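A short worksheet on the structure shown next.
For reference, chains read A, B, C, D, E and F in written order, and residue numbers begin at 1 within each chain.
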Amino acid sequence: MRRLILRDLALAVRAGGGFGLGLSFFLIVVVLVPFALGPDTSVLSGIAPGVLWLGALLSCLLSLDRIFALDYEDGTLDLLACAPIPLEGVVIAKACAHWLTTGLPLTLAAPVLGVLLNLPVPGFWWLVVSLALGTPALSMIGAFGAALTVGIRRGGLLLSLLVLPLYVPTLIFGAEVARRGAERLDLGVPLALLAGVTGAVVALLPFASAGALRINLR
Amino acid sequence: MRRLILRDLALAVRAGGGFGLGLSFFLIVVVLVPFALGPDTSVLSGIAPGVLWLGALLSCLLSLDRIFALDYEDGTLDLLACAPIPLEGVVIAKACAHWLTTGLPLTLAAPVLGVLLNLPVPGFWWLVVSLALGTPALSMIGAFGAALTVGIRRGGLLLSLLVLPLYVPTLIFGAEVARRGAERLDLGVPLALLAGVTGAVVALLPFASAGALRINLR
Amino acid sequence: MMPDLGKYAGTVLGAYAATLLLLAVLVLLTWARGRAVRRRLEEAEAEAKEMRRG
Amino acid sequence: MALFEVEDLSCARGGVPVLEGVGFALAPGQVLVLRGPNGAGKTTLLRTLAGLQPPLTGRILPGPEVLAYGGHADGVKGALSVEENLTFWAGVFGTGSIAGALEAFDLKRLRGRAAQNLSAGQKRRLGLARMLLTGRPVWALDEPTVSLDAASVALFASALGRHLEGGGAALIATHIDLGFPAEVLDVSRFRAVAAPVDGLDGAFA
Amino acid sequence: MALFEVEDLSCARGGVPVLEGVGFALAPGQVLVLRGPNGAGKTTLLRTLAGLQPPLTGRILPGPEVLAYGGHADGVKGALSVEENLTFWAGVFGTGSIAGALEAFDLKRLRGRAAQNLSAGQKRRLGLARMLLTGRPVWALDEPTVSLDAASVALFASALGRHLEGGGAALIATHIDLGFPAEVLDVSRFRAVAAPVDGLDGAFA
Amino acid sequence: MSLWEYANPTRFMATTRRIVPVVAVLSALCLAVGLVWGFFFTPDDYRQGSTVKIIYIHVPSAMMAINAWAMMLVASLIWLVRRHHVSALAARAAAPVGAVMTLIALITGAIWGQPMWGTWWAWDPRLTSFLILFLFYLGYVALWSAIEDPDIAADLTSVLCIVGSVFAMLSRYAVNFWNQGLHQGASLSMDREEHVADVFYYPLLLAIAGFVLLFVTLVLVRTRTEIRARRLHALQMRARMA
């Protein structure tokens, strides 16, 4: 599993599909928002936490189809399924690699982009915390969606359609934490719920995803 | 060319990748926005035009990689390049088919989703007008990006990255028209600019796209 | 016959019309697909029988 | 009088010259078979002749517009039926009816079947039937008989025969025996000399 | 004593039974060549044996975990070097060094080359070298010699020979001659009778 | 005789051939009587005026929207555990019907909201969670139609249905939580304790029965179609192999 993560990281770095693209997409979405909504800073700073969360979620979404599809197309997934490691492990490793190449950079970059949107200062810390807690769930749910659609050619749009409704709880709690953080409100409950959702997702979805993969490899 | 458009429409309908998915994605993005920004209707109605424009742009973006990639993979693009129709015509037909399956349904669906975001009533009409004027440019620019990235495996993310900056002028003018329309302000200038951008894009980009295709087919 | 719907006539009638329209579309689509599939299946059965004989 | 003529052609693939000094002429009714080991450059040559990539040097007369190219991939849309696929191409090339093409490759029975439900050989037949709809005199085919069984190869041979009788010509790249006699051009003869990369300019040759 | 045994196996592809009643046993040192026309079900059988799809009926002894599967696709990552590709698989299967595999398929000179810059034959050699790293006794190979030239086929034959001498066995699906004698199993013998789909239940068989 | 025998396609077809007309007629009857009664012969509510008549379509469709998903969940579980093809196909058949029911509930609710709340749409937890349910329906239907192999499609959609159900519940709580802190006027929330008077109650019951029977009819007919389509697919595959 460690090997699989390392290999995926190496592939992401070499192929240039990893860090850079997701981050740039995040940057562009955040930059586009003022163009779409108008440059009024007071409006922007009010919605900044939500916009950053949405942007992170969308850039996460766009890289999901790479999780399994490339390995499926070149036959690696078949070979991994025959290898002496459980498919659940493969799923976890893949989701982990996806998080390291997408969720983690997004989390680290979010405060910088927060400046662009006039995010109130106390919000920075909680934005990072909420993203750090929430993005693993995004990667894991995404891996589940990718496992469901791995056999479908150009299934990217379908994948988004399946995954986005599943993102709702994470998004609500995550954005709530970030928003309350920015407004210095009490945020213990949503933080606990966010952590709970992430924990449950990471604990249970690998099994469903491995099942979906097995079905798709038939 | 008419044949090519008809064929692409037939393919979109049969393969189920056309109308439905783009529209659903649009719906989901619009639904996710309040989750991220909070349910306060007065805030939402203020940013509704911009959000709808962004949502339309993103759902357009997600279907771009289908414009040429499927035809490239199964060799049809090679054959079309040898056929007695100019490659510029192929590009226009493809962009046209993309608009018919994406831009047009989005334009028609936008007012319905406007209801969800409490878009002020006078905004409905101008939202539709601005989308009707702007989405052809989105499809054409998207076809250009798709032509640039057609040879790249899973080039979806790169494509988004290339295309998004090109979308900025259209987005600015389009969202401005929709916003001013919603607020009953004067909108002659942005409307003229939006039409100008679309006209210029539709007139000039087919040549650039055909050039990019020729290079990619080598 | 028509009850007096007061100032909400548009609302109520709109709701009923939309519902009946959607239900009608659903029933029609169900029926049409059922018919199409049944016809295609009959064709396929005939073809299969012919193949077995010939 | 040659229907199609190539003089001193060189072509490159991925930036590296692959073939040099290729020259031949095709008379009406002539078939030329291109041979050579894997990677010799047959596909590259055919794509250059079809106008899909520019030659490095040399001349192609009268030009790519007399050529009908059929590559490794068939350009068949799985979601469309056999008939719809052929009608589309007939429309693009402005040649009328598809009945002859259906007939020639025994696709009549399959005309309503979605192309994705065809077996590999049937799909290949569909790809070859497309050649008849181009109405062009010179066929340039890359491995046309791959995955065809003997009966289908015979169908192809007779379709090709009629095309030649009608004054056409053909250029066929293949590793396997086509089942009929034809002139052979060994592509490896024209292999580009891997010129030593001299100085910095050499890298941009 | 059989290393690997299959009894009365049937397997399906895309919901349709393809093979029925397949049975054979592999002793250590034995090679069994699967033959049969296109679409006979060789790939389906190998995938079933490798545990990638469940059999409809029948038993596979001792189970998929003694099998090393090498399919049509090589599972090679173009962006990684030859050495990195092999090291990854050696790690997954927990078998130590890759030196032997590099040696056996003459990949030493290519070890630092990115796999996407390999020719088709070299890439195939890389895929076969992976088999040595699985450390499993039974190799199940699908068309291993496709796109290999004569010298590489000989390399494969000798690697296979050493594997057999070490008490291994192999199951090879191929259309072409492997260049060494081996027992043949004609898969088309087991072709599932296209049971007429009788009544509605038949549709779900 | 075990209930599972009806999972045999032939038996299912034979039984439902007789049942479908009966259920169809019954549902038409209940719907007609319930809706006509409700529409023509009930008084206006003192607060809501004539808009109260919308209740006869709004509430039944809202109930069916949820019940259809529950039925799909049960059918998916049966398929995954016992591999009865009919139940997988029944789940597939129910999805579009459920989606339309959800849509009807949403549309009638929105139309109703305009005079009652002064807005077509508010991000009220109940409305929001219905919107999310609609999204789940869309995804489920899209996944079914994207996969060619029918067994694989049945397996994958069943997995999606189960995981989706869990997430749908989770979303419900999330949405409830999300809107809690907001000063939403009390008039906006639907008071569950508010009793419906008897005059409205009986026609409502009839309408509900009508919607249930309509759902059953449609699902049975669509399941029959799916079974036939499945046989058609099998015949075509055999023909392709032969």
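The rule we apply is simple: a contact is a pair of C-beta atoms (placed from the backbone, for glycine too) under 8 Å apart; a residue touches a chain by one contact, two chains touch by 3 or more.
All figures in this text were calculated on a predicted structure; none of them were measured in a lab.
Visitor: Enumerate, in label order, the chains that touch subunit B and subunit C alike.
Guide: Both subunit B and subunit C are touched by F, going by the contact rule given at the top.
Visitor: More C-beta contacts across B-D or across E-F?
Guide: Pair with the higher count of C-beta contacts: B-D.
Visitor: Using CA atom averages as chain centres, what separation in Å is found between subunit B and subunit F?
Guide: Inter-chain centre distance comes to 33 Å.
Visitor: Averaged over CA atoms, how far is the centre of subunit A from the centre of subunit B? Could you give it in whole Å?
Guide: Result: the chain centres lie 25 Å from each other.
Visitor: How far is the middle of subunit C from the middle of subunit F, if each middle is the mean of its Cα atoms, in Å?
Guide: Whole-Å distance between the two chain centres: 16.
Visitor: Round to the nearest whole Å and give the separation of the Cα centres of subunit A and subunit E.
Guide: Each chain reduced to its C-alpha mean, subunit A and subunit E end up 37 Å apart.
Visitor: When you check subunit F against every other chain, which residues touch at least two of them?
Guide: 132, 135, 138-139, 142, 146, 178, 228, 231, 235-236, 238, 242
Visitor: For subunit C, give me the residues that contact two or more of the other chains.
Guide: 48
Visitor: Give the residues of subunit D touching no fewer than two other chains, as numbers and ranges.
Guide: 119
Visitor: Under the touch definition given earlier, write down the residues of subunit A that touch subunit B in their complex.
Guide: 17, 21-22, 24-25, 28-29, 32-33, 35-38, 43, 46-47, 50-51, 53-54, 57-58, 62-63, 65-66, 69-70, 73, 153-154, 156-158, 160-161, 164-165, 167-168, 171-172, 175, 179
Visitor: Spell out the part of subunit F that touches subunit B in their complex, as residue ranges.
Guide: Checking each residue of subunit F against subunit B gives 110, 119-123, 128, 131-132, 135, 138-139, 142, 145-146, 178-179, 182, 184.
Visitor: Which subunit E residues qualify as touching subunit A in the complex?
Guide: Result: residues 47, 50-54, 64-65, 67-69, 71-80, 84, 88-89, 91-94, 130 of subunit E touch subunit A.
Visitor: Name, in rising order, each residue of subunit B that touches subunit F in their complex.
Guide: By the definition above, subunit B touches subunit F via 16, 20-21, 24, 27-28, 31, 34-35, 38-41, 44, 115-116, 118.
Visitor: Along subunit B, where are the residues that touch subunit D in the complex?
Guide: Contact set of subunit B toward subunit D: 3-4, 7, 10-11, 14-15, 73-76, 78-85, 217-218.
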